[in-house]
Every structure is written in structure tokens, then in C-alpha cells.
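Two complexes come next, and they have one chain in common, chain A, joined by chain B in the first and chain C in the second.
What follows is the complex of A and B.
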């Protein structure tokens, strides 16, 4: 998932995205109490803003071995492997903002990509879903936006949130383009959908272009 | 053209020559490189199984997709996996390329063996060759190699070491053919060029409709994108042994069952028709209108009435004098009846040149 300016989507369209849009997102949609779910062991939250990075001493080592992100991946894997068997294959990993992860990795795009690759291996090994958010306009000045491109190659579904070509409107805040490449899943492959959306207080409303006046 | 690629990969290398190598090149606008790769992979496996190819085994280096994907792919093609140990080995560089999963076992099947440090290309090369020789032995028997993403390799190692690995594989006596996928927009031009020079065939998948100035697709190009989403241009460049270069074009369609190749000419017209924007007036004539237009008699065609048309050049030929006088008289009578004017002109003498652009007063000396 990436968006280039405009508003910020945090929900997915189950309809266009299909089975990959996991249970986790649906929970959020219905206004579920996440704190209660955390106590229930259905929601695990890694707060990267207060993530304790290994100190200065092993910074050099960290550069080569990946340090923080390797540890983060280890944590994710541990959480998933501790889940009961029937819940293991219905896990969704959500990464809120890969661009900030790049900052946390001290600008090492490769390290972030390695991390994403490892998260991607969980999707094929355990049937997890992976949702990652990035901002396209951060990379607009660079000639070759490698991170965005690599993420697109990795992803089976790409959701772009963009402003309307005509600018911000009262009823429509922007548009979503869903490119479903269906990379290795079965079923319908290669589908494109376009929606308009309106950001509300607690959720986002999606509709087909022209269906609202 | 896809068939000729398949044939080239099947026929393999001649004695004492480098193995044929294929780069499959794509970009994010039409990311079908891996689909083409899967197609060629399954074609080659069926050739190997049928004993038609020079190689008797295949080593697949999986960087981008998990080995289980390829096992499933072969299953859908009806190829038995149980017997595949004898002819295919998958080097798994996908599941744990950097050894982050240390201590945690991940299932390796009997077909796949894993590589935990993809940065060490020397080891990777020796592993590929070991796996190949494990399949076919150390004699004169050949095996093929396939790498599903060189782009991923380039992320972990330098261009020189990656191209070193590829050319070492190419020149290895037992390698029959080798092919790989390259995502061209992730790398600098010189990196792409270096890998293209290494290969004897380059197949590039390009979008049907190039966006202006190489812009990335956006919502404004959505209608175009929708039409050409699962399609792409397929350009193939063969470098022949005698030094000639052959370029061929096709169109590639990605479908549920796999990729399909069609010739460009048959498809071009329909896509062109589809690309004309919908406007209120007709830009093209319907069939009836075309027939009607063909039937219109143009002004200079009126005179014929079935007889050969004689355009009067102002010269009165002696033989035709009689005929002409009669025709003139008839036209006179007709004009009288219809009451229309007419200009009748007889040339004074044969010396006079027919109408010419020359100024008749040219020779006057005033």
C-alpha cells in the first residue's frame, strides 16, 4: 500500500482486495477495542517509536548484521510461532510506514528490503498476510525510487491513494486505485479497480466514482 | 519467438562453446518477467522429462518465490514431483537468504536445499554446480540452470561478482543453458547492459502503451492501464553464432493458466480501435458509408458513359476530324436544347504548339 500525498487510508477494501484482507482489518473496521484484543492475545503491537535499539557499542556490528530489524523479525516470528495452530495461518502483519523503518535502519534501503523479504517468507510458509504502508511522494525527487519499486515487485496487491485530479472536494477526499496482480494466489488474476473515498471521524467510506452526488 | 527461445534453451551448447544464456527483462509497468520465466521453466522441464533436450537435469535458484511455488507450478502442469529428485534440484535462496532464522528450522523438502548466505557468491556458484553434478554426475552429461531473480542477487552482491558468477556458469562445461530474470528499472543502465552483454538472448517485456516521458502510471492513465494490464510487448533479441542479430516482436498475454504469446500484427488493429477515445461524432466510416463513397462518380468521370475517355488536348487529329465534327454538331444541338453555353475551339494550324506555359510574346523586341 502506498499513497502519494492527499489523505491517509488505513483500511482496506475487502471487496477489491479479496481474501488477503485479513481478519485484523475487519476488527478495526467495526470499531473493536484494540486494547481488549491485546489482552486477548489477538493483537500484538510493536511500538517502534520507543523501540530500544542496541547501544553505541554494537553499532558497527549492527550495520553489517542488521541489528534492530533482525531482532524485530525474530520477535514477530516468535509471536506467530507461539500462537495456537489454528490461528497461525490467519495472521496479518501490518507495517505502518516503511519509510520510517528506513529511517530507523539508518537509511539502509537494503536492510528494510531484507526485513520485508523475511516478512514475505512468512506469507508463503504460514499463509500470513502482509500489509505495508509507504508514501510515494517521499521518493519523488530520487531518480530511481528503488524501495517503492521493490515493494511493488514484492506485493501481490497494490493500493494507491491519490488526490482527485480536480483537487480536494467536500464529499470526495481522494481516490483509491487497487491493482490486484494476484501474484501467486489462485483465482482471478490481474484486476484493476478505482474507488473514491471520504475520510470520516472513525473510518473511511469507499464508493464507486459517481455513485455519490 | 517464445518457441525459438525454448528451442535454444533445449538444444543447449555446442562442444567447446559457451552455453546459451537468456535475460528476461521487465519493468514495473509490465511486471510479467516472472510469468515468462515460469513459462520457460515449465517448457524446459517438460523437454527434459521427454528427453528432447541436451540437458538431463535442472538447477533452479529461487530468490523471489518459494520453492513450494515451483513445486505447485509443476504439479499443475501434471509433472510428478516424486520422480523429480532425479532431474531437478531447487536451491532455496528465498526462505532464509541471510541466516536470520538461525536456530529455527524451516521445512526443506527433498527437492530443495537451502542457502543461508547469499552474499557469498563463490559458495553459491559451487553449490549450483554441486547440485547440478549431483543430478547428472561428473561426466559429459549436461544440466541447465535457472535463476528467478538476478535483481535480488544484485541487492546482496556487487555487479562484478554477479556477472562473474553468471559467466562462470555459462562457461562451465556441463552447463547446457541458463536463464534469469532482471527487473531493469531497479538498476542503473550500465548494470542492465552488463548483464545483457553476458547473454546470447534478451527477452524484454514492455508495456503496450508507453506513458509519456517514462512517467509512472497514475489515475489519469487508468483506462489505458485497464486495457493493457495483463498484456505486454515481448521483444526478443537473438545473437546468432555467426554474429548476426535477429530481433523479433510478439505480444504476451498473462492469463490465469499462464502466459500466451501472439503475433503483433493480428492484435494491433483491435487494440488501435480500442484506444480511440469515445467521441460523439464518427472518426471512421461505417461499411455502408464506405461503399456509398466508392460509388460516387467524380466530375471528370461523367464524360465516359462506358466509352474510353478522350480528353481534348486542343490538337485536331486528321483521322478523327469527321467524328469530331459530328460530335461537335450533336453537342451543339444538345446545348441548344438545354440552352446552355459552350466554348468550341479549333486550332488554327498544326504548327501551333498545344497549350504551353511559354509566353507567346517572348520574342518581341520592344
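What follows is the complex of A and C.
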């Protein structure tokens, strides 16, 4: 059901459970107050639902609809460049729902891919990380889902969040498959792990299948 | 872990308890600072753990064969009108205002079933009171708490959600002088007009920190129906939904959108479904499906099936795990809409009990109590 494709060198189990979290995206497992962090200028939030895309109004659809994404990238770049030097390389960009960006770009996959490429460049330039979430089921019916395939290709770590085959349960909310390509220069180490998870009020519990009774 | 206790642990929002809320008819406080508004179907409210959360986008996938979504729509609208809540109704028909004449009326005299329900409750109460005699005063604090809860329950029984008699049209008094916006989506070539109407409608419910007094309801029937000019403008409709969701989220309102999912391409339909905060679908039941009839009890009384795919979660990340996701839609005495858990083929053919256990909402009610 869910698909988290992202390149995050650290913090393996960042929140891949976007729709459950809604607009609050977990930053740390232990739970942290995002509102407080926002006031501390450590957390910056762009609401994609109310984001006003310049030239995006439905009536002037002739205009280039990529303007919104360019502007968004500009904002991100501005935020990062305004950060003090020592914090610049520890930035994590979290995109909750790439499919919403496609909506913003009126279905232009290329614009969204461009945007992701730009953000990806930031990660290699500044050493920050990029976590992007998408929904795999949207693309399951199309023959060559470029967007999701490219995202998967670019990702260093791929996290798939799915419901259990047996459905939802009170104690296990779903399973994660984490594919770590390990492209950290040490050859082709390639790891796949499987976790079960349970979302709690302040954190998410991860455990190996069968380790809970 | 304990070190984090005081401040940093907060996926759940701190909220000031506004006492005014409980006196506003039609609104109910939920966990994590959310507010519930009734769906107009008592059973559905219970299933969802209290009702529709204010600020959520509710989407209903229509069945291609039967208009069961209209049942949900009508009850939702009537409930709003009974509670004096402003309403915006958009429909692909030429004359949307005419539809208001078909809205059901609140069942004034309790019918057999609900009176039975009440008497059940009374019995429960009586027993509880008698137990109290033996328990004595040592747990007065708990008692008073329970009384409060009971009061709230009773309140909500009487005010929060009504039973609607589908055969009795809504009294004119509920329609006259009320704020009802009707929009026909057939005429306009695109969604700009509808979006602007929604924006102006929602602007009166914009959320501020003070307590909620008024909530609004938006109902959009068959968005993207083929008679609308924009039915093939896939991305425009998605973009409309996106902004509708954004607008509703920041206001004290609920938007109920039904859509013909079978007309959309699979991937578009999935995109729409991801947009929804609460996602329901209705399905017709074929009249004479012998296999199904054998499998399920009370098959003859069923009109259709209701599926709960997703329940809105606001201010929390804990998902709702329902005990069941498929419910049968029945018309009690051909008048009142009830939802029941599906019961698999026991020996006798008696119909199942109406959905009313507290187990369903245990997920949400539990989270409200956890404060460590």
C-alpha cells in the first residue's frame, strides 16, 4: 500500500508511515515536539495542501505549472542557505507525498522528477538527506511507472510499508521491508531486513516478526 | 524514556478544554483536541469512534449499480440542518435545490428499535444504580466521573445524532431561513466556480484558538460525474480536491464528497482515495444471490454493504484498527438506516444485533486516556 523510497544515510526507520502521521512526520523515534522545534528554527514546514503555486490557479492552466515546484525548491534552498554553517550538513528534507507534487504539477512527471533531482543534488553537495514518500498502489496499473521506478533507482535506502497479508491487527500495524543498498563506498553490500511495526502515541515500535507474542 | 516525560513527548496536541463545546448541539469533543460532527447515522458515528472529525475530508466511493451513497448523503445533510449548521450542496443535477425536498426528517417518536435500545440502556443503568448501593461512598470521585460520562452519553444520544426517518420529508422549518448554498456542477466548464464557492463558504468557519460554536458541512455529490464538463480533466479535479482538503483542514467544517470510482482510471481512483481523510465505499447487494444468502444472516433485510477503508486521524499518529470494516446497510422498518456487523451463517435466521459495542472505538478512546 505505502511506498517509502528515499535516500537517507542515517535514521533508518524514519517515518515511512505518512498517511497515518498526516502532517506530523516523525523526526526521531523518541518523539519530539515539532511545534517547539519550529519555534527553535530547527523545523521548517511547507504545507503542500495550502501551498499557493504561482500561476497554478485552475483557470490559467496554459501557464507553466512547474512554477510552483520551482518556487518550492527556491524556498528550500533559501532555508538551507540561511542556516548556520555547522548545521548545514545535517539537514533532512522530508517530502510527505510525492504524488501530491504530481497533482501540483498537473501530472507532469518530468517536473516532479526534476524537482527530486534538484533535491538529490543538495544531498550530494551538502551531505543532507532526502526522504520522500510515495504511494506505490497509484502506479500499479500503469505499464511503465517512470516516477516510482526512478525514485527507487536513485534511492540509497528503500523502505516499503505494507499491511500484513492477514490484515490489520491491534498489536501489529504493518510491516516494513528495508532495502539498504549500502552505497557508502564499501562495494556492493546489499541488505534486506523485514520488521513489523506498531504505531504508538509518541513513537513507533519496530520488532522482528514473531518476536512479540 | 521517563526523562522525556514533561514536554518533548508530543505527537498529541495540547488543547485547552473548552467547556462550551459540550453545550453546542451537534458537536462533540473527541480525543486529542478533535471535535466530532455527526454523520447523521448513529451506527456510523459509533463505528468511526464518534463521528466525522471537524476538518476532515470524507470521501465515499459510489456503487455503479445502486444509489446507496445517497443514503449517507441525505442523512449527513439532514443532520446538519437539524443542528442549524450551514450547508453547501453541490450536485450534477440541474436543480440541486429540489433535492432538499427529499431529505429525511428526524424520527420524532422513537420507533420500536430505538426504544428497545433505550430500555436496554435503562436496564443497564438500573443495575448500575443498585450496585452503587453496595459500593458506598468510598469511590465518589470515580462515581462523579462516571456520572459525567453518562451525562455526556445521554446528551449525545439526544442531541448529537438523530435517527432519520427516510420516509418522512424534512420539515420545512429546517429549510426556511437556513443558510443553504446550492451549486449545480453541471453548468460550469471547470471547477474554479465550485472552488470559489467552497472557499467563501468555508471562510466563515476558519479556525481560531477560541472554541468552536459553529460548524459547516459541504456535500458534493458525484464529483466528476460524466455530465460535468470537466469529468475528463483528471488533474484539475485532483487539484480541486487538494485545495478543498487544505481549506477544510483549516476550518471547522467537514466535506463529504461522493464519487463514481468505477468511472475513473485505477490510478486516478487511487489518487483520490489517498486524498481522503476518511474513506468509505458502498456496494449494492444483488437481489437474489443464493450463495451470499446462505453465507450471511439477515440477507433479506440488507440493502447494501458499507466498507470503511480509512478513518481520519487528526493530531495523532496512532491508526484506528476497527474490528470489522464491512457492514451491512439495513433499513429498519423501511425507515431508519442501521449498520450492522456482518454475521456469518449461524443456524437460525435471526438478524444480528445493531452495531453498538464499545469495542469499536476502543482504539481511539484508549489513546485519549494515555498520557504518559
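Going forward, the second predicted complex is superposed on the first by the 167 of 213 C-alpha atoms of A that agree within 3 Å, B and C clash if a C-alpha of one lies under 4 Å from a C-alpha of the other, contacts with A are read in each partner's own complex, and residues count from 1 in each chain.
As a working rule, a residue touches a chain if its C-beta (ideal position, glycine included) is under 8 Å from a C-beta of that chain, and two chains touch if they have at least 3 such contacts.
Computed from a predicted structure; not experimentally measured.
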Partner chain(s) touched by A:210 [first = chain B, second = chain C, both, neither]: neither
Touching partner for A:200 - first (chain B), second (chain C), both, neither: second
First (chain B), second (chain C), both or neither touched by A:84: neither
Chain A residues touched - chain C or chain B, whichever exceeds: C
First, second, both or neither for A:110, with chain B first and chain C second: first
Partner chain in contact with A:169 - chain B first, chain C second, else both or neither: second
Chain A positions touched by chain B in one structure and by chain C in the second: none
For the chain A and chain C complex, residues of the former touching the latter: 17, 19-22, 24, 26, 30-33, 35-36, 47-50, 56-59, 61, 97, 99-100, 103-104, 106-107, 135, 137-142, 168-170, 173, 199-202, 204
Chain A residues touching chain B - in the complex, by the definition given at the top: 66, 70, 73-74, 77, 81, 110, 113-114, 117-118, 121, 124-125, 144, 146, 149-150, 152-153, 160, 162, 165, 175, 177, 179, 181, 184, 188-190, 192, 194
Interface residues, chain B side, partner chain A - complex: 28, 31, 64-66, 68-69, 94-98, 100-101, 104, 106-107, 151, 155-156, 183, 185-186, 188, 218-220, 222, 225-226, 229-230, 254-256
Complex contacts: residues of chain C adjacent to chain A: 1, 4, 7-12, 190-192, 195, 234-236, 238-240, 242-243, 245-247, 249-250, 265-267, 270-271, 274, 310, 313-319, 321, 363, 367, 370
